[in-house]
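These notes concern the structure reproduced below.
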Amino acid sequence: MEPLMAVLVGITFATAVYMMLRRSIVKLIIGLTLLSNAANLLFFTASGLTRGAPPIIPEGAEQPAGAVADPLPQALILTAIVISFGVLAFALVLIRKAYQVVQADDLDQMKDTDT
Amino acid sequence: MLAAVLSGFCLAALVPWLQPRLGARAGWLFALLPAGLTAYFATFLPAVAAGETFRVSYPWVPGLDLELAFYLDGLALLFALLISGIGALVTLYASDYLAGDARQPRFYVLILAFMASMLGLVLSDNLIALFIFWELTSITSYLLIGYDHEAAFARRAALQGLVVTVGGGLALLAGFLLLGTVGGSYTLTELLQHGEAIRAHDYYLPLLLLVLAGAFTKSAQVPFHFWLPNAMAAPTPVSAYLHSATMVKAGVYLLARLHPALGGTEAWILLCSLFGGVTMLTGAYLAVRSTGIKWVLAYSTVMALGTLTMLAGIGTEKAMIAFGAFLLGHSLYKGALFLVAGALDHEAGTKDILEMGGLRRAMPITAVLAAVSALSLAGLPPLFGFIGKELMLGAVLNAPFLAPLLTAMAVATGALVVAAAGAVAVRPFFGPPARTPKTPHEAPWGMLAGPALLSALSLLFGLAPGLPGEGLISATAASLAGEPVHAHLALWHGLNLPLALSALAVAAGVLLYSQWGRVRGAMNRLEALDARGPEAGYERLMAATTRLAERLTRILQNGYLRSYITTTVLTLVGLVGYTLLTRYEGGFAGGLDVRFYEWVIAGLLVAAALFACSTRSRLGAVASVGVVGFAVALFFILFSAPDLSITQILVETLTVILLVLVLFKLPDFMSFSTPRQRLRDGAVAGLLGVLVTALLLIAVHYQFAEPISAYHLAKSVPLAHGHNVVNVIIVDYRALDTLGEIFVVALAAIGVYAMIKYPGGPGHRTDEDESAV
Amino acid sequence: MQPGSLILSTMTRLLLPLQLLFSVFMLLRGHDLPGGGFIAGLVASAGFILYLFAFGVAATQALLRIDPREIAGAGLTLAVLSALPALLYGDPVFTAQWWHPSLPLIGEIKLSSPLLFDIGVYLTVIGSMLTIVISLAEAEE
Amino acid sequence: MIPFAWNIVLATVWVVLTANLTLLNALFGFLLGYAALALVQSQLPGLHGYAQRVPRFIGFVLFYIWEMAKANARIAYDVVTPRCDIHPGVVGVPLEACSDGEITVLANLISLTPGTLSLDVSSDRRVLYIHAMYIEDEAAFHEEIKELERRVLKVMRP
Amino acid sequence: MIEIAIVLVLAMLCIGLVLAFFRLARGPRLPNRVVALELISSLVVGFIAVYAIHTDVEEFLDVAIVMALLAFMASVGFARYIEKGGHRDD
Amino acid sequence: MNLAVALPILLPLLLGALSLLAHRRLRLQRWLGVLGTGALLAAALWLLRCVAREGVVVLHMGDWQAPFGITLAADLLGASMAVLTGLLGLATAVYSLATTPRGHEQYGHWPLLHLLLAGVTGAFLTGDIFNLYVWFEVMLVASFALLTLGGERAQMEGAIKYVALNLLSSMIFLSALGITYGLFGTLNMADLAAKVAAADQPGLLSVLAAMYMVAFGIKAGAFPLFFWLPASYHTPPVAVSALFAGLLSKVGVYSLYRVFTLIFTHDVGYTHEILLWAAGLTMLTGVLGALAQTEIRRIVSFQIISSIGYMLMGLALFTPLALAGGMLYIGQDIVVKITLFLVAGIAFRLLGSYRLEALGGLYRYRPLLGVLFLIPALSLAGLPPLSGFIAKLAVVRGAIEEASWGITFVALLTGLLTLYSIIRIWQQAFWRELPAHATDTGVLRGERRDPGLWLMYLPVAVLAGLILLVGVYAQPFFGLAEAAAGQLLDPQAYIDAVLGEARP
Amino acid sequence: MTDPLQELITATLLLLGGGLMLIAAIGIVRLPDLLTRMHATTKAGTLGAALTIAAVAVHFADAAVTARAVAIILFIVLTAPVAAHVIGRASYFACVSLWQGTVKDELREHYDPESHVLYSGLEERDEE
């Protein structure tokens, strides 16, 4: 399964960056969303995939019944998802505000601060 | 000795506080410090003349071999005396010269700090400490040249001097560090004893070139000579002090100081004597060409610096004695002449020789002082300048390399200098009175004391050369040689070749002066060459640098986010990909164990991602991103991560809601790019995709260590009282992560709130300006 | 939403309490089964967002009574403070503390600092999400 | 009365969800439900009596499931067979139901049934506009809806 | 028997996902996409249920609860957007 | 139990939360701002004292032994950076009192300030690489919010680039973390170091190292990944710019130092050679960028990049001396950059502009300000006897001792160009006469009093004094850097301290 | 999990649910306009999901699982019509064109887009 996921993650990364390279600010946001999904999926895949055995210890037991999925990357990805979500919410509103102030959705028109 | 060096800095720091309390005559009191220092150093004269040296040291930064070590020998003492002695005179002089100037305190601060730096420079026995003082003189000099800072010329001249001297200083630093590495020590006195080893080292030539670059820039050797005349923008006392007697001699001092360690090789002799000789001749030539009195003096200073460099290069015993004598002589007459020039400027209101004439009536004392010092400059007996020049000619004649060439240059220089001396001392005071901007009258005695003392010393030392010669000059020469030298100075050396050459030079000089106007005319016709000269070169280099900077910055920092992202992604692909291709030797994961529904979900994910990329409908893309999210959530379920799946679904749903809320105010998808751009971006994105895939295939191929999570699984129930290990990790094992995470969420909320709610319109921001656009 | 979506507003009145209840459920069981403060916070936020869509900003603010930023601030404060009880017992910061206080009638209940922490997470998420959504919706109106 | 009833429902849901039927848990669920309702109570109008409605309710559920199965079968048939024999349209049906709750329940039940979808209620709450898939006979369609409404009201009204 | 049913149902759901995505991509216009998204969330709930049976992991059901309670929020958001007069071309 | 490591993180977090709670009470927020940052400085100093006395100070959060929980670990580098963070926080807080617009305070300036500091100290003190990611994000999102506070057009434009590129960097970092965990199954940096050392796959490690290099390179503003920095740093109010200038990119540099001394030292000849190239190019492009600018904040923004080059150079050379120099450079540059920005803010207050063409007369009317500018400016150019000289001396000497001629040349040339670019500010804004078109020069000429001005001068004077002190009384500071370099080059002590008895 | 009856019920419910959802998906592709497609998705889809959930309850035959299954079904039943209603209403008012085969539209004439008032058509009788 991992090789398929590897290709999948690669494609998601590629689409994300492709969208970020478009000049439209709205597409930038779509790109950022895809990007965080891609990174989370990468993390998930890299740390190994286990089918049908969530890391939950049955009621009354002290240890998991058999081999279960690694809980640590799950916790880490959860943190990463939440963080990405916060950042994304911020970025969304930033885009909105930028459009409001600059009155253009062409990122190429937002270059005054550099040159 | 530490106190001697640091007292200058301390007094400088106190000036802003003292000056208002002391009033107009503050300068007199400030002058007491250098005067006292002169006396202090004078007490060392007998011992040093007898060949003794003194060394004290205090630790500073041991890890960097930086030590506050001071070493007093003949060379150092000669310089220390000049610095503190002329310093006293100049400080005194300034209290009259700058009377009534509101910026006077700044002047005293800088001049005292400069003096202290200069003392530190010549007394340091540690390369790095020496460098520190070296740079301090550059900085103080910069601030002093720009004293009249509201004049554009002064600012430009100051910057020029700073760039040239600091540029050279950086070369010097590199040279010093190499020297320290090669010599195994940063203590000068130790290095001087390992000259053999240093000169034999592979790094000798580069380090020599670096050190010479530092010394030559500071001492205004051709082709770096141009900054020095421009530095005349400084107040005259500063010119007298920094740009004739002291700072510019730092480079020469350094050559002399390092001679035992670096000198004597073919490279040293050739470089120093050639650069020195050319500088000497150029300085003299330009001095004759100039009509501004300070410029004439400045170029003659260039001449003197060239001479000294040449002598340090020749390095014979004669040359060393000549070095000491010429140095002392030059400092005396040049200091005096600058102060005289200042008096002329101050009292007659002009610096242009052509505007002066017949001033001897109004300023008789000044005229006498000028005459005496100018004679010394011209190298005429019975003044000390004559002795220096004769010794120099003697040394040149016996130079180990290029003796004929150097001699010819020395004679030509001698002739030109005579003419220049005439221009300085004869032209303003004799002939028909000219109409000067101010009605001339004699300068106050505070401004006369300095030149008078210096001129008197020129005369005294000329008449009694043994007075300095037997002791100080010998000791100085000994410092250069690294072994005891006995100098015998005398006005009359007998009828010998140097004397004949001197006579020839004087005769030619007198002739030149008599035809000064015509000579200048001829020279001015050559001025077109200046456009290709080093100063123009400097200007062009700086302009080109700025242009290059602007062009490069426009290309790199071009303002286009897409180009930034492209560069960043390509850097990642390039660096990681290159490493992968060239360094990685392992394998990649293989083997597909995929269920059919997993294929479908994977296909769904890809289709949704690609659709989001290609659709022209914004909300179509949003919905598609939602599908990507659901697909990811499904993968989380497939591979045993229910918590993740729930979170993913919630986040996805809320993202869609936020997107919808925000898109309401946003425009449609626009396609701004051409098919070619899309192809290019597609290639960039594709490269990244391939790289990520490869990385992941490697990551799942290896497992170097058992995951630590075995511990979490084992201890969750017994120790953390939780069955959902993921949650236990989140709130217990790794609660700190979660703490950070919720702060991120809250921060995003604060940011969003402010962005939306912050009242817009003008006047809401008091801190911003028009430059934003 | 335009006025008069009777169906939506009526359903919202029913769904909001249900969603809030469910969110608390997810919060409390998180330690043993899927759930936890973040998930619960998002569920609760979704409930309020539904209310916002049905009744508008003013009604939602009236319902909440306190500024969502204060909810977030309180949540953050609680989350940080939950790290500190450990100090009273001489443990390193964030060491989980379990208390089993006995209440009249109810009996023993299980209270822990990780739970307090999770409640902090819960409140922070609600406060932050509502801050974002309410300000966005307000800007729209 | 309705708040209390809903409160009980909430407490029950709690107990069901936690699958933990103890006094403590029920009480806790009740308290949570109470807190949740307290938050929205200003928005909730009263509603009366619900005691004798359980048998009617069961009857209604059976009726509804049967209706749903029929409708689903018809749609399924139309979707999977090549010919698509549908006559869609928007029809306004006058309402007997008058309270928010009654209208909403009715509208949702209509929406849940395949073939009919409640679009909106008129501003004066007297007509429910329904999109329907099969309006071959408008009178029959009206009658179907009225029948459903009668049964709903029978359950909901004391 | 149940394994066969599971495979069959999974296959149905997969076809369903593909068809629903087709409608989502095809549109036309936002409401069609929203309806398709709505259907996809239903399909995901079904998928979770089947997968829970398949793997015998009841905890997956919790995902379905959240989905059942909250997936409609996206539709409400989209509907609000449409009613508020968002861009028609979406 | 070592509360000392946790305090510099928890304190600003709590203050941030409380400031958010008190969002209506500005006076309270201001008090919390100044006293809180002061307390942070005190806590960090306490930590530094502990580290200096006892070596690496370690705290296992939640009493979970490393590598299972999150371990905070402070060595001299981390603790010193925390002290600098506290110092800068305090300076900015005081300066903010006089300069932050009321609206900014109402909309979150103070909580954002605290939380930015919390993110930064968290990054400096954590011993867990995923936790580092989390603190990075705290810091970033706080900076996002601070950057956009006020909603000016320029802020928005700058912020889009800042956010997009930093997000990209975060995702690269996160991906690298995922691969790291997949390969080594651990996140604790000390544990990771031990496990990496045991893995016999240098090529693979280099690949991983390259990923971290790019991720942190973006955060640090290294060539060619720095674009976000000059695009945005000059857009917020100057106190915020100053804080950014002082701290943010340094966290990236710190991370490079941490990772490339503790974990990826398997093939120094390759990885650190790349860093050396990056260092040289960063220096040059940064300083050339500065030369191309005519606005003080933009000049200094590009100078930030250029300075990053020196810091990277110290790391890349990887000798005790160069590392010590590099770290001293980091420390002193933090102070220098913030001082320059704060001085620019005073100039703005007096003359209403940051553009050189609109400035002038400052030296005539405000000589003290001149001194307060020259000290950091000359230190930036690496002139003695200021802190920048000592640091540059150590780095360059390290390069020469390693016979790295190319980088030596570039470093020295950059020094000269730096001087040229920074002294132009002096020539124009300070030395030149007051431009005729300058309006409202009442405060400048001392005709009108500005009651807030002393609050702006105070931190500047203290920081400038510090620059001078570090230059003149250099031994304690260089000694600290040397000791820190010793710790970095001998990571075993760090590893032992963190892993303790739990080691296999 | 050995009871054949239980397995049979589970399998039946699963197949029924899956079939319904498949039909919904076919419907959403085949049916001519938005509103008709919604008949397929919001009903068949949700009912299908509910049936599969019911299959889970039968399969596990466990109180906790059953409780959760009931909750899911309850939630679906509560939320699905709301979603259908808001989408249908919004798209109708946003002038999503109806299929040309639509036989009747009594709503359009009663809606005033200016005031957003939806008339019942019974108002005039009141006034008489």
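Each chain gets a letter, A, B, C, D, E, F and G, in the order it is written, and its residues are counted from 1.
As a convention for this text, contacts are C-beta pairs under 8 Å (C-beta built on N, C-alpha and C of every residue); 3 or more make two chains touch, one makes a residue touch a chain.
Which chain is which protein? Per UniProt: A = Na+/H+ antiporter subunit C; B = Na(+)/H(+) antiporter subunit A; C = Na(+)/H(+) antiporter subunit B; D = Na+/H+ antiporter subunit E; E = PH regulation protein F; F = Na+/H+ antiporter subunit D; G = Na+/H+ antiporter subunit G.
These figures come from a predicted structure and were not determined experimentally.
A.B. asks: Starting at chain C, how many touching-chain steps does it take at least to reach chain E?
C.D. replies: Contact-graph shortest path, chain C to chain E, evaluates to 1.
A.B. asks: Give the chains in contact with both chain B and chain C, ordered by label.
C.D. replies: A, E, F
A.B. asks: By C-alpha centroid distance to the whole-protein centroid, which chain wins?
C.D. replies: F
A.B. asks: Tell me which chain's centre, taken as the mean of its C-alpha atoms, is farthest from chain B.
C.D. replies: D
A.B. asks: Where the CA atoms of chain A average out and where those of chain B average out, how many Å apart are those spots?
C.D. replies: 49
A.B. asks: What is the distance in Å between the mean C-alpha positions of chain B and chain E?
C.D. replies: 69
A.B. asks: Counting only Cα atoms for the centres, state how far chain A is from chain D in Å.
C.D. replies: 40
A.B. asks: Averaging over Cα atoms per chain, report the distance between chain D and chain F in Å.
C.D. replies: Whole-Å distance between the two chain centres: 62.
A.B. asks: Residue numbers in chain F touching 2 or more other chains?
C.D. replies: Where chain F meets two or more other chains at a single residue, that happens at 13, 16-17, 20, 61-62, 130, 134, 137, 141, 144-145, 148, 151-154, 160-161, 164, 168, 175, 178-179, 181-182, 187, 227, 230-231, 235.
A.B. asks: Going by the contact rule already set, what residues in chain A reach two or more other chains?
C.D. replies: Those would be 20, 25, 28, 38, 40, 42, 44-48, 51-54, 56, 59, 72-73, 76, 78-79, 82-83, 86-87, 89-90, 93-95, 97, 107, 110-114.
A.B. asks: Can you list every residue of chain G that touches 2 or more other chains, as numbers and ranges?
C.D. replies: Within chain G, the residues that touch at least two other chains are 19, 26, 38, 42, 46, 64, 68, 71, 75, 79-82, 85-86, 89, 93, 118.
A.B. asks: Output every touching chain pair, sorted by label.
C.D. replies: A-B, A-C, A-E, A-F, B-C, B-E, B-F, C-D, C-E, C-F, C-G, D-G, E-G
A.B. asks: Enumerate the contact residues on chain A facing chain E in the complex.
C.D. replies: 51-54, 56
A.B. asks: Tell me, which parts of chain B touch chain E in their complex?
C.D. replies: So the residues of chain B touching chain E come out as 596-597, 600-601, 603-604, 607-608, 611, 615-620, 623-624, 626-627, 630, 633-634, 637-638, 640, 642, 645-646, 649-650, 653-654, 656-657, 660-661, 663-664, 668.
A.B. asks: Which of the residues in chain G end up touching chain C in this complex?
C.D. replies: 75, 78-79, 81-82, 85-86, 89, 93, 116, 118
A.B. asks: Looking at the complex, which residues from chain C come into contact with chain B?
C.D. replies: My answer: residues 30-39, 42-43, 45-46, 49, 68-69, 72-73, 75-76, 79-80, 83, 94, 96, 98, 112, 114-115, 117-118, 120-121, 124-125, 127-129, 131-133, 135-140.
A.B. asks: In the complex of these two chains, what residues of chain C are touching chain E?
C.D. replies: Interface residues on the chain C side: 1-2, 8, 18-19, 22, 26, 33-35, 39, 43, 46, 49-50, 53, 140.
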